[in-house]
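You will see two complexes here that share chain A, one where it goes with chain B and one where it goes with chain C.
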Partner chain A sequence: MTVRESGVMQDPKSNNPSDGTETAFNIIDGRLIVTLHPKDDDFYFDSLCDDVSFALGKSGCGVLIMDATHLELIDDWDFQRLRRVIDVAALMGTKTIIAGVRPGVAASIVELGCDIGGFSTALNLKSALRFADTEIGP
Partner chain B sequence: MPITRKRQIIKSETDIIVALSKLRTMLEGVGFGELQISSSVTAASELLRNIEKYAGSGWVQFDVMTDSRGPYLEFTATDHGPGIADPEQAMADHFSSSGTLGLGLPGVKRMVDDFTLSSDIGVGTTASFKLWKG
Partner chain C sequence: MTDVIVSSTGTRSTTKDAATLLKQFRITDADLDLVRQFGDKIRPKIDAFVDQFYVWLAEQPFKYEFFMDDAHVQEVRTQQTKYWHDFFDAKIDDDFVETRRHIGRVHAKIELPLDIYMAAMNNCLENCVDVLMADEEPGNERQRTLLAIAKLMHFDEMITADTYSQVTNEVMLEQSKSMIEMSTPVTAIWDDILMLPLVGIIDSKRALDITARVLEEIGRTQSSCFILDISGVAIIDTAVANYLIKITKACRLMGCEPLISGLSPAIAQTIVNLGIDVGTIQTTGNLREALKHAFDHVGMTVTEK
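Take a look at the complex of A and B:
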């Protein structure tokens, strides 16, 4: 895991090459941005929660933006794990915005009957940053 | 007549990812739209994860067939796991026997055209669906 704000912040776990987690973070204007990648295995979403909570604690960001642009599939199982990330972030006082959900993925999440409360959404990353500025504040 | 056919053993998460990738490629090749591909792959993912979670192993087969309504996906997932005591109850929202939210099967039913579930205790479970190209 790497947290970058002009190249700052490293997770000690990243020194372990067998870790397998490559969750990359960026901080823009005090917003922690996580780019979600298509999973290689269950471990990705399992470790995501740990990685995100660590990065939130370390950075002190009050807004978490998860960019789902690259995800072609989110099933019920994946969504429960994302939900866990959102709930943990909320307990840490962080508001979550999910950005860039593809049309097919969005439709599938609705069909699955997943609980989509407790977080905000935006069409893309740019919109998410604008939403954070106007609706959530610094 | 099947246009194409894929059959694969499911024993691990990796097998699931490979099968879903093949399914997506197959549907793209036949010209299914993005929304239908997403529905198909998500429904398939739910069923294959059930195999992994409940039965440990099983197999999947999917074909693209044609009939008077045009091309359609026929997907079947089978396992020889413990079986489902009450398939009707398993189809109800918020039912789960494993501690998860149990949203999988009703969700699959909503996403596809024809969903069937047959199960015998101690014998196994077969779940299948069809989805016609829109």
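Take a look at the complex of A and C:
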């Protein structure tokens, strides 16, 4: 497994690179990995959709892995935003894997009765990458 | 002068010192003097009082097992006699309060019903009144003595009963805690395979406990497969099925494959009759099949030696 590219990709439309809404991307073996952060403002998930679709288009990755390890809380609104990211990715022909969902987050998503179809899950980043290799292929 | 102690089990108890309690019960030094004076008269009769209590106890329809063998009875009698001597010495300090708390704790430990203790106290109060009435002292003096004795007796009963209920509450809390622990024994039966055998009745509170415990264990052990065995569940209705579906959904969100095993023919029929959609959840009739699936999922095979 080699890290071919890593770093922060910026939307060319954004003139201010440090406005707190930037999203960290890593590309490992052709899988686009997004690390989700505990949201510090209401626009985080909004900008996430733009950032992710932009990065997907630029990199041409067939698999999107969202690492939710740092996410400790989620509400209905946030999950709808996250869903949008997944749906957009699906339209672009990309399969989404969400990795490392915490117990509390999992319980609240189920309690909120959100639609949890259309994406795969994995225990952690490692098993998400393995899952991508075995189930989806290069 | 009040310390609030929150014990490990979460019960709140106030421990006040002797002076605060005396003030609260409006027991003055004069009252204590009266009790002491009266004590000089009653002290020779204490043994007879204690005897009387055992006569009363023997007349009761129930037999408390602690009073069954003579060695114990002798011990209790000695303690009881000492109790009354202490009482009529009327030296109320923190040590005195502590001895009363100790009695409460001992009563709770041996599960002596409070009514027996209260009856013993009443018995003594009655005897005190009898002695007092036979006295030649002027009427109002006798009344003041009686009031002082009654006050001190209530004081005594309060400390003992308070400690008693405190200990009982702690025991109950401890038990309900271990019940929850016992009712959700999520165990790793193999590397990467968790299992929870469900037994009994599932209500919303228990379903929440189960969900929390299961998710926590998945997070801790990073297991990729979870078997939920429901062969021991008494009733499956729409609500219970919904809880089970929620648990499996949450599992899947964490990246752990849920398997429900132990669907007996009766349960399977109920689920179909109720029209419950179990979706894509993998279900098996017995644990054996579930284990096979689980081994398959984690990429293992069982071979004979």
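Annotations for the structure displayed:
Simple rule for what comes next: the second predicted complex is superposed on the first by the 121 of 138 C-alpha atoms of A that agree within 3 Å, B and C clash if a C-alpha of one lies under 4 Å from a C-alpha of the other, contacts with A are read in each partner's own complex, and residues count from 1 in each chain.
In the analysis below, a residue touches a chain if its C-beta (ideal position, glycine included) is under 8 Å from a C-beta of that chain, and two chains touch if they have at least 3 such contacts.
In this text, all values refer to a predicted model and were calculated from it rather than measured experimentally.
In the three-chain model built by superposing on chain A, chain B fits alongside chain C with no clash. When both complexes are overlaid on chain A, the residue A:R84 reaches neither chain B nor chain C. In the superposition on chain A, contact of A:A107 is made with both chain B and chain C. In the superposition on chain A, A:K58 makes contact with neither chain B nor chain C.
Chain B and chain C, viewed from the C-alpha centre of chain A in the overlaid structures, lie at an angle of 40 degrees when rounded to the nearest 10. When both complexes are overlaid on chain A, the residue A:H37 reaches neither chain B nor chain C. Annotation: superposed on chain A, chain B and chain C show a minimal Cα-Cα gap of 5 Å. Residues 102-105, 107, 111 of chain A lie at the contact with chain B in one complex and at the contact with chain C in the other. Note for the complex: chain C touches chain A at residues 211-212, 215-216, 218-219, 222-224, 246, 249-256. Within the complex, the chain B residues that touch chain A are 13-14, 17, 20, 24, 34-35, 37-39, 41-42, 45-46, 49, 93, 100-101, 103-104, 106-107, 110-111. In the complex of the two chains, the chain A residues touching chain B come out as 39-42, 72-77, 80, 102-105, 107-108, 111-114. The part of chain A that touches chain C in the complex is made up of residues 98-107, 109-111, 116, 121-124, 127-128.
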